[in-house]
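Note that the chains take the letters A, B, C, D and E in the order they are written out, and that residue 1 is the start of every chain.
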Amino acid sequence: MKLRNLAIALGLSAAFAVTPASAQIKLGVFGPFTGDAAAYGQSQKEGVEIAVKEVNAAGGVLGKKFEIVYADDAGKPEQAAAVALRLANQDEVTVLLGSISSGASLAASQIAAQTETPQIVITSTAQRITTQGNPWVFRSTIPDTAFAESLAAFVAKKYPNKKKYAFIYVNDDFGKGGFEKFNAKAKTLGMTLVADEKYARGDLDFTGQLTRIRSSGAEVLIEWSRYAEQALISKQKKQMGLNIPLLAGDGTPKYLELAGDAAEGVVYPTDFAIPTAKTAIGMALVKSVKDNYNRLADYTHAQAYDAVKLAAAAITKAGSTDKAKVRDALKTVEINGARGVFKFDAKGDPTHSAAMIVVKGGKEADANE
Amino acid sequence: MLEVEDLTVAYGEIVALRGVSFSVKRGEIVTLIGGNGAGKSTLLRTISGMTTIKRGSISFEGTTTSGAPVDRVVSMGIAHVPEGRRVFPKLAVEDNLIVGAHLIASKAQIRSDIEGIYDTFPRLKERRRQLAESLSGGEQQMLAIGRAMMSRPKLLLLDEPSLGLAPIIVEDVARTILSLRKRGMTILLVEQNARVALAIADRGYVIENGRIVFSNDASALRRDPRVVESYLGGRASADMGRIPAVAS
Amino acid sequence: MTIAEMVELLVGGLAIGCIYSLIALGLSIIIRATGVLNFAQGEVVMLGAMFGLATYRLVPLPFPALFVAGALFAGVMAVIIELLIYRTLRVRRVPMVNIVISTIAMSILLQNGAQLVWGSEPIAYPRLFALEGLQLGPVRVAPQLVWIVVLALGMMLALQLFLRFTRAGLSVQAVAQDPEAAQLMGINLTRAVASTYGIAGILGGAAGVLLGSMFYASFNMGFLPGIKAFVAATLGGLGSIGGAMLGGIVFGLIETFTATSISTAYKDAVGMVLLIVILLVLPQGFAGAMRRGR
Amino acid sequence: MSALLQISGLAKRFGGLVATDNISMTVAHGQVRGVIGPNGAGKTTLLSLIGGTMQPSEGSIVFDGLEVSASPTHRRAAMGIGRTFQNIKLFDSMSVLRNVMVGSHLRGRAGIWGAMLCLPSAAAEERRLRDEALAALQTVGLLALAEVEAGSLSYGQKRLLEIARAMASTPQLLLLDEPAAGLNPTEAVALTQLIKRISESGVTIILVEHHMDVIMSTCSQISVLNYGKLLAEGSPSEVQNNEQVVEAYLGRPGLEERLAAYA
Amino acid sequence: MSEPVARVSPFAIAALLAGLLALLTLPLFLGKYHLHIVSSAMIFSIAAVALQLLLGFTGLLSLGQAAFLGVGAYTSGLLATGLKLPFELTIVAAGLLSGLSSLILVPILRLKGTYLGVATLGFTIIVHLVILNEEWLTHGSLGLMGIPRPSIGPWLLRSPAAAYYLYLSILGAACFVAYRLVIGRFGRALSAIMLNEDAAQASGINVTLYKAQAFVVSAVITGIAGALYAHHTQYLNPNDFSLWRSIEILLMVSVGGIGSIGGAVIGAFVVMLLPEALRFAAEYRMLIFALLLIVLMGLGQNGIAGLCVSAARAVSRRASFDPGRLERRELAE
């Protein structure tokens, strides 16, 4: 019975997982298509699809079409490692694209190194992903360092007299990264941290933290969360009558929707947003997302889109699907992406910087205008 | 009133009743006596629709009840006082009675029935606001019977009403059963305490290993040597518990 | 901490606690009636929130009406699930543990189903209350919190009145205490158990609308509150109505005050340590203590 | 005869409820002590206090010269107190033999290491325990059913098995809680004889029972409890003729005649 | 006459041999990816066997297994990355530390049923938060990277197949220990506690001691499984050891069949591999998984093991065996 179950299980997965060898170039796209972070996974899928369609419509790469192999990691590191292994080994993809959360991306990066497959991380901002000394890993998003430094610089410029800041962040790699990087930069700008509060993912009630922040005498509140929690923090802050400026580490159109008028005036850095998408490619992507999926484009769309374009450019440059050659090509390739001219630095991070968004009249606007 | 015909019941592979047939006439007290595991309780549970029948039929006042769900059986006028009393421990005495009247629609009728029960069992009236679990064993038995009466039954099934009660309380319960009969209730009584059962019943059936082995008038059964030997502890005339039955 | 802050936190903790209480009550009455620990109760909460939202999109009703609509819808869903799944299993006389495991499966099923239907992004609730808090002297209280406390307490009171003073309520209690004896009173067990799930669903759905209006609605919003309510129900004494209410409120207050005065990082851990300590002293929760005290 | 068990001033209260109140009792070596009384008189509570499943609110229990009222149940079992339960507590899904072997737990030594390391001493001990258990089953007449699941036994057999299990630990004092409840008269006779045999082998017995035939034919001394208090104590004939006992518990003779008159 | 539990039916022997043969030859047929997930399933089988010891043979509902898994995994991972200790040492340390941490919980073992479940669930949440927040020790939410693959002595278990055989032999050892513990005097005492605590005490069984022993053994085995997990995935994240993991291990045991060691292994394989096998169904896969779970539970058997036993019984009845005998051979439920 045990044997039979196993045979059925394996048989099934083999039947559906192994695709016949084809004249196509495979991209392994993995991310949280189910589970808590599935909203990001959805954007990732859409961004990839738009880019692949464009590449294939333009005749493909090296005369071959791109084929996407999706794999769901549910946002879990352990599953990300497993699916990365499957994509690299079983499906023999040329490039791995994923994942969303830093834990998943990190776990998968071990597999990327083991199987010697180039990996382009989509939205994971943890600095460590590119500083682990893993030559196979590249990243489409700018790292938390860049976001945090941009935001700190913005605060210093906008509120030169408000030196006391409080920080609230989600207690995971994302929030932690933002917290540390921001502090490092803020220190050099002469700002002092008067309260730091963290919370666990999935928390809904932040009044405890906000109460402590209120009594700390902070003049500015910096917040580093995903958009859902960010919306709640914005709302609860307003409810409590805590009227200090709020600057956040993340933001999407969805944030505005959830926070309603509590989002008014909030500033956040972004890798890509509609009002700051000033390149032709960026504007075209916004339109494609709207036309195809009836949604507002967010940074995950852009990061996934650019990642596909980078892979295409690198394979073209390498002239083959040899994974080592593709990796070497990725190091030097330069494209015009949704976020402008895109190339990797020595670590494998993008070289462009973050844009700043302010919420004005219930809409995203360029904060530097 | 109640006709049971060739009844066979099995739990999985264990046969609990084999071809049992008997009847109860209006106004009678009929008792089923037999040892533990003889199938007495199963028989009552089957009549009230709690177990499924393998073969045979049950009819009540000419209508077939076999296969009907429990609530239908109750609505036809059969009330079952289960073994071990099973009052609702966390409900007040009066609330137990109200639940007993689940199928009665009229509130006024329920009210007057409750008063009727209190007349029969003044102890229950005294304790109407107490939780049922705080009653003594005898009081709980009274409550269980009273609760069953609330559905205005025509036939009362009593399962081991004397179980675990002290001898003097057993006597009280026996008197209660007799007084119910005086008021026209028909009663099917399952008892292990054959002495009490045969003292108050009109007729009796002896059940062993899921079969009815013999039956007769209660007074005749009291003298039947087979009954005396197995169920009355050897001396038919002996009073309960007074004299050691086994002289070894 | 100032007195004003204390009061504010108290109201916040009370609001969260009331929501836990509602969910815990649902868990408790199901345990009482069927012995089943319903892991899918959190997902019923989610359904309530989603249905409340759907109703608002159809007809923008005022909040109390929305509350009722979400609660009723969730109740209906809970009854359907009970009749379709759990009852089928019960009729087949499967072991109790199988039913409990199938509620875990149901939780997975409802979460993933909701994700397919409503997507994976959180959905904002309409703004039904003024966002600015009411200023009462030095104390600032969000009107929403007041609504939540009032509606939740009202719901609990209604449940108590129903269980104690209506015949249907007494029947539900009877089934919980002794299903077999209740059946012998002519109570239809199938209907009684279904209505128990219905009541639990209404309570859960109500909690869902409250949670949704306080935060937002999303496919996985029920899981954590469900687990916390489960802990609260245990703290109160499994199967006890009063215990569940008390347990939920105590748990909500512990959570809020821990976050403010001890540690935000270990907010849940402090609650759990307290839980373990309380269970060591009172192995049957608060209800066990009350029973012993009597 | 010296006292094996000496109870003095024993009380147990649950909240405001008094289950047993100031009970004192001396049970001599080899005695069969009957305990009777109406339901709720505190008989089972008394057995639980002696057996250790409940701790007394007041008073002392001296067993074999040692104060045991604070010792846990398993320690008292090790000292030689065995018991059966009013509402039969068997290990239903175990075989009859395995049930008895649990009873002989105290007669073995093999622990977690013996089990994990497959020590030969553990295997030998296991064989010895099995043989002893089989012998115990033979005594109560259940040998033929050794491999049957305990849950599928008849009521009477379950009662016997419970006694066999309690005897497997070779107790000095055996507490029997209503062993005849639910037995038919024939089975009750067999039980009476079994109790006598056990008593003859030198085991002291405390017997809680409603079945008067069993009580009267086995006990040398009887204690009558009522409302948690000791109402009377004495030989069977003394107790039967005690007016208070008749009033509170036994009931007056002529039941059938009275009922017939009432009807 | 022999102890009933010690006798095994020819069906069970045949199934066992077939299963063993399959497990031994599996690496010959599987690719790297499949070997990876089968290895994961094997590691979780060890954890499931450990829970089975508690749930199926002692009647203790523990939702604290994720915590022990986490303690084991982090102990092993930190010793291997920080102190560069060899695998043999880290895995022993993982078992020991996990066992030690379980000693803290011994006082709560007197709780019954769901109350124990909730208290141990609390422990899982506490340990998860400690792993998450004590960054100086565990690297917190960033996770622990670069854990070496398992290696024994001078022989590095470089190939996934070699590691697979290592996991297989540890699974075998865990099953053997569990089997030895549930038969004989020790196991009888555990079953007695599970079936009726009062009667067990009255028979002289020190309930607290036996429960504690079973609990610690289970924690040690789970800790070892955690260590294997750390070396197998080479990356640890606090969220690997959240409450859901405990529920997952509980699912494994109940799917496999409560009270059967083999069932725990089968259950772990099903719960780990079925969602993998259902990947073709994309976002519907967990939906299908849940439906299959409900159907399995609706069959009314004690998990897959129960299903196999009924099937074997049906076959043997047809082959005119005495069905009663088979029934008696089953391990206590």
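One rule holds in what follows: a contact is a pair of C-beta atoms (placed from the backbone, for glycine too) under 8 Å apart; a residue touches a chain by one contact, two chains touch by 3 or more.
In this text, all values refer to a predicted model and were calculated from it rather than measured experimentally.
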item: Both-way neighbours, i.e. chains that touch chain B and touch chain A; value: C
item: Contact-richer chain pair (by C-beta pairs counted) among B-C and C-E; value: C-E
item: Chain centre separation in whole Å, for chain D relative to chain C (CA means); value: 47
item: Length of the line joining the C-alpha centres of chain B and chain E, rounded to whole Å; value: 51
item: Distance from chain C to chain A - Cα centre to Cα centre, in angstrom; value: 35
item: Set of chain A residues in contact with two or more other chains; value: 34, 171, 200
item: Set of chain B residues in contact with two or more other chains; value: none
item: Interface residues, chain C side, partner chain B - complex; value: 167, 170-171, 173-174, 177-178, 180-189
item: In the complex with chain A, residue positions of chain C that touch it; value: 1, 5, 8-9, 12, 16, 112, 115, 119-122, 124, 127, 131-133, 135, 140, 142, 144, 211, 214-216, 218, 220, 224, 255-260, 264-265, 267-268
item: Chain E contact footprint on chain D (complex, rising order); value: 51-53, 72-74, 77-78, 82-83, 85, 89-95, 97-98, 101-103, 105-106, 108, 110-112, 114-116, 118, 122, 125-126, 129-130, 134, 146-149, 165-166, 168-169
item: Sites on chain E touched by chain C in the complex; value: 107-108, 110-112, 114-115, 118-119, 121-123, 125-126, 129-130, 132-133, 243, 247, 251, 254-255, 258, 283-284, 286-287, 289-291, 293-294, 297-300, 302
item: For the chain B and chain D complex, residues of the former touching the latter; value: 35-37, 136-137, 164-171, 174-175, 178, 181-182, 192, 195-196, 199-200, 230-234, 239-248
